[in-house]
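What follows is a pair of complexes built around chain A, which joins chain B in one and chain C in the other.
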Partner chain A sequence: MKMTYRALLGASVAACLSGAAMAETTITVATVNNGDMVRMQGLMDDFYAKHPDIKVEWVTLEENILRQNVTTDIATGGGQYDVITIGTYEVPIWGKQGWLESLNDLPADYDVDDLLPAIRGGLTVDGKLYASPFYGESSFVNYRKDLAEKAGITIPDAPTWDDIKAAAAAMTDKDAGIYGICLRGKAGWGENMAFLTTMANSYGARWFDENWVPQFDQPEWKAVMTDYVDMLTKYGPPGASNNGYNENLTLSLQGKCAMRMDATVSAGSLTDPAQSEFADKVGFALAPDAGLGKRANWLWAWSLAVPASSDAKDAAKTFINWATNKDYIALVASKEGWRNAPPGTRTSLYANPEYAALPFAKMTIDSINAADPTKPTVKPVPYVGVQFVAIPEFAGLATSVGEIFSAALAGQKTVDEALAEAQTLAVSEMTDAGYIK
Partner chain B sequence: MARATSTRRKLLTTLAAWSVALVIFFPVLWMILTSFKTEVSAVATPPELLGADWTLENYAEVWQRSDYPRFFWNSVVISIGSTLLGLAIAIPAAWSMAFVPGRKTKDLLMWMLSTKMMPAVGVLIPMYLLFQRLGLFDTKIGLVLALMLMNLPIIVWMLYTYFKEIPAEILEAARMDGAGLWNEILYVLTPMALPGIASTMLLNVILAWNEAFWTITLTTTKAAPLSAFIASFSAPQGLFYAKLSAASTMAIAPILILGWFSQKQLVRGLTFGAVK
Partner chain C sequence: MSTHSSRIAARIMVAPSVALLLLWMVVPLVMTLYYSFRLYRLLSPDRTGWAGMRNYTWFFQSPDFWLAMGNTLALVGGVLVITVVLGTLIALLIDQPVWGQGVLRILVIAPFFVMPPVAASILENLFMHPQNGLFAAVSMALGYEPILYLQDYPMWSVIAIVSWEWLPFATLILLTALQSLSSEQIEAAEMDGASAFGRFRYIILPHMMRAITVVILIQTIFLLGIFGEIYTTTQGGPGSASTTLPYMIFKQAIVAKDIGRAAAGGIIAVILANIVAFFLMRGIGKHLDT
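So, the complex of A and B:
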């Protein structure tokens, strides 16, 4: 009887101890709905096998809604999310604000030195890494090789704007529904202004001078806008002022854009025979320059970060280490092929011979390496960011300027009128925000 | 001759009615059709119909990727809960305003309606903080309360209009017969205003079912309804139109079916008193 009692007591203690050891931590991961993130959710068995004590709940939202919800939560210290997906624009601002947990203490196998320097630089504030890149991108030119051949032209790997203009003119055949060049025209800080800011960088234009004075009244911006409106009016698709990333990608997949300049991440779709009839006819080139030493390519990374308000920071970091580690990239490659590996974050990916053999691999890494968020344009600037200015006021201001420039593209105002309007608006906003004394 | 003219007129009216209905319903119809296309077919220009690649894959993937039954159940609880709670408050409120109006009743009604004129985002932070501090964040009861409060002005207004149509003499007669206040509301007023109450109820269920701003803002995982389910398939970058359409179709299907079966009740209630 005594033995039974002892055995029962022992079993209860053992059960309690094992229960404590297996205590489950639930983390809530807020993310966007894109191909790479969806793929990650499908590979969670690997994470659970390695970390059975952590349960992950997903909140997937559209980018703008996610940004709004996460900002509200993080600003009020709500702690609803343990891992958030944020872009390169938010990280420096939120990191400085103290809203994000530093990731400097991730384990050694995370191999922080393997991160691409440009991407790592964009996610670091005062020596602290505030977010871990899940996938990164730059922008480049994609074109139909068959159309270039038919037109008797060659697009160099490192073209100038003059090369691009000449190629667009040669390949345009509007009667056959082929448009020489497709560029973003839809208004928005992440749409037309992302593209126009990089184009401006290559023309030597900048958003603000060293004293935060807007520069739209300078001749460089006049040259940018004149060429942009001219190219799209002469060689672009109809209704170009309504076309953003999705619309131009669709036109390219259908073979209607002879040339397009946009995100490197779309290379996967463009070269996928299941999505494009011209998958084997796509050529890639670096974003153009104007001979001033800066190319018109951007730098962006969707990254995972831990809000300072999270109450499960350790589990959140464990998850981030799994999702953004070299092992994860190898896992995707083993299950779904190298084409689907999240691009643009790690040096080791581009050193891998199988990945390097993909037609877009070299152009992607060269484009990313060509971007420098700390020196985005020819002249000195007081801000960080290639296709954006990392200040909280930028999203609102650039969207308003984007509307003005989109209207100019639609022919509702002249380039001069648009630039004058943008200058007045920017001066007023920057004065109100206290940047201009 | 007269019969031929009348038949022709009937035919034309029917044709016109169907044309208008089709134009109004077209976006929904297109969304439903898109949900059965492949992603490439979904974004083709010019739009594909006859030559499109039809598939059920989108539904399979949406079902597999998300816990649809949980979102659906949350939507049912939130919309029906907020409607019943709203009616419990609005019926006595509308009764008192319709049958015992004071000097400020009209002002009160206008004030109630004015709360609907403010953009929701204006009270986002206070609401968010309140929900967090009260432990209502990501709970069904929190959303029931929020949606009930949000739709209360409309329910009160609708019921007030219906109640106003009921002759006060009938209530007086009931009082003469010794009916107390609750008996009067329960046994006299409610049966007479039943079409109005039913249509108010239906409209409120539809409003609560479709509400997206607060349901997405005030939930994460546990209480998220179908509006959050749709948002999880929306993406500014990438081609997911077919899957988004499938998710949207799955989200609106229950309310569409409910609307279809209750359309007579809805129309009768909405036009109640219109020809008097």
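So, the complex of A and C:
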């Protein structure tokens, strides 16, 4: 009896010891509920097979709520997450604040030089990579080839705004419920202001001059807003001031938008016969320019980063290396086909002949490469970011400006009133925040 | 019959729960007050210190503030009028003995159990949508251009959506009151030759006054904080046309990450709610005494 006790005791001590030797590290990963991230969670068997000592817990949230949670956690040093999913807006700000752990020490097989230069630039502060891109996107024009043919027009691969206006006019058939162009009108820094900031870049307008003085009182912004309101009022769907990314994508999938300018990442849905009746009739073109040498395309990457407050940094980096490595892209392709591979992060993906054969691959990479976060517009600017200004105050300010511009689109304000109001608001906020002395 | 010492004992015994309740209410309020006087932006941790009245003056100087106040009161007032008037009419209607009364009542009450963002999405996308909505289809069938509800009449649309949600609640309470009215009284009035309107005006309505008061009081408390419906449909826009006070505070707290301003807005909202409550209690609270 006594012997059995001892044996049991010994066995359990041994079990404890061996358990301690293979200590499991648990990391908490906060991510957004987009298709590509949900797919990643389905492929975790591969990760566990390679790293049995790391356990991953998921917190999957809708974009706005994720942003809200992660921001609060990191700003208050909560230390709730070991890996967070953030965008190109947050990375430069948080990197500078010292809130993120540098990823310069990822292993060699991560192959940092394979990252697309534009994306890598957007995630680097002072030579340090602070986040690893999971998927990247720019914006481009998608249109219905059958309607263009019917209207007897061709849309060039690299159109100007005049081409776009002419095409929108030719294809609009409101009685048939076909609208020439769908653009974002819903207020928000990530909605209408993302689009309008890129359009402004191509028109030579900018948010701030070198001394952080807002520029809405300049003629370039007047030209942008006049054309924007004009195009959407004449050729856009009714109620455009309420349409954001999702609303316009739905209208496009229903075939109601002859043309739309939005994120490259929607190409997957547009060309998917299961989602769109016009899957084989979709044409793509680069974002337009106004002859000033800048195209109206943005640059965004959902990226994984490690907060400085994490207590499992090594395990977090191991996970990030797995999720954003070339091998991961190959894994998705082998299991779910190339169309579903996370786009827009690595040169090697676009060198792959199978991927390059997809109808949107070349346009996507050309659009991403055309964006330069360090020189977003024609004139010099004191900020980094293509469709945003990488300062903490931008999200609040641009959302308020977005509301004013949305009201102008709805016809509640004239373009002049809206611009004057935006200028007053921006000057007051920038003064309050200490940028304007 | 309580002695002096037993009363003291009773007070000592309830003291912990009273203290806990006080803490429960006072701590958040004091914290909000504290932050409302601080410079506190989550994303700019290097700028801190006392803000004085700046967070409050920002609100009063904001061009949206008075609009938001007006919208908040319009929302509360509009929904109250619609739900009480329609609620009374529907309650009178389904109080009549008809075939399938039980099922009918459940159907009338059902919208109340739809969650606010869901209800708002349904009305926005299936009814008010300018391309896919039912109202647009009806107008087009009649040969008219579809009305852009959320763009041209944003505040009316929000009021309509919220009314749709709260109408069943009002109906339910009013119906219950109606059913407690003795039929003998009505029959007696009928025999005395009182008209249908007279019966309603002098018997039914006074009888329902208490229930109406309850509906108004309870709804006001909830309607002052309406947020989800605006967030899902108009996002406070176009421009600031449908921004209410809670939505304005949300924008400062969540979009701008300015805790100081949001706290100041919260205090302003508390004051507004108290003013409304004061007038409500004085104006209609007396019906509760009878």
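The rule is simple: the second predicted complex is superposed on the first by the 417 of 437 C-alpha atoms of A that agree within 3 Å, B and C clash if a C-alpha of one lies under 4 Å from a C-alpha of the other, contacts with A are read in each partner's own complex, and residues count from 1 in each chain.
Please note the rule applied: a contact is a pair of C-beta atoms (placed from the backbone, for glycine too) under 8 Å apart; a residue touches a chain by one contact, two chains touch by 3 or more.
For clarity, every value in this text was computed on a predicted model and none was experimentally measured.
Asks: Once chain A from each complex is brought into register, does chain C clash with chain B or fit beside it?
Replies: With chain A as the common anchor, chain B and chain C collide in the superposed model.
Asks: For A:T72, using the defined touch cut-off, is the partner it touches chain B, chain C, both, or neither? Pick first, second, both or neither.
Replies: Once the two structures are laid over each other on A, A:T72 reaches both partners.
Asks: Per the contact definition in the header, classify A:L249: touching chain B only (first), chain C only (second), both, or neither.
Replies: first
Asks: Given the touch rule stated above, what does A:Q80 touch, chain B (first), chain C (second), both, or neither?
Replies: After superposing on A, A:Q80 lies in contact with chain B but is clear of chain C.
Asks: With both complexes superposed on chain A, which partner does A:L292 reach: first (chain B), second (chain C), both or neither?
Replies: After superposing on A, A:L292 lies clear of both chain B and chain C.
Asks: Does the superposition put A:V38 against chain B (first), chain C (second), both, or neither?
Replies: first
Asks: A:A187 contacts which: chain B (first), chain C (second), both, neither?
Replies: second
Asks: Which partner chains sit in contact with A:L61 here, chain B, chain C, both or neither? Use first/second/both/neither.
Replies: In the superposition, A:L61 contacts chain B only.
Asks: Between chain B (first) and chain C (second), which, if any, makes contact with A:A410: first, second, both or neither?
Replies: After superposition on chain A, A:A410 lies in contact with chain C alone.
Asks: In the combined picture, which part of chain B sits where chain C already is, 21-29, 75-83 or 165-173?
Replies: Once both complexes are placed on chain A, chain B clashes with chain C in 21-29.
Asks: Can you list the residues of chain A that touch chain B in one structure and chain C in the other?
Replies: Residues 64, 68, 72, 76, 251 of chain A touch both chain B and chain C.
Asks: Please give the residue numbers of chain A that touch chain C in the complex, ascending.
Replies: Contact set of chain A toward chain C: 64, 68, 71-72, 75-76, 93, 97, 177, 186-189, 237-239, 241-242, 251, 256, 392-393, 395-397, 399-400, 403-404, 406-410, 412-413, 421, 432-434.
Asks: Given the complex with chain A, which residues does chain C contribute to the contact?
Replies: The touching residues are 41-45, 47, 58, 63, 129-131, 145-146, 148, 150-152, 234-241, 251-252, 254-258.
Asks: In their shared complex, at which residues does chain B touch chain A?
Replies: 39-40, 43-45, 65, 124-125, 128-129, 132, 137-138, 216-217, 220-221, 224, 228, 231-240
Asks: Touching residues of chain A toward chain B in the complex: what are they?
Replies: Chain A residues touching chain B: 28, 30, 32-35, 38, 41, 57-65, 68-69, 72-73, 76, 78, 80-81, 190, 244-246, 249-251, 253-254, 263, 265, 269, 274-275.
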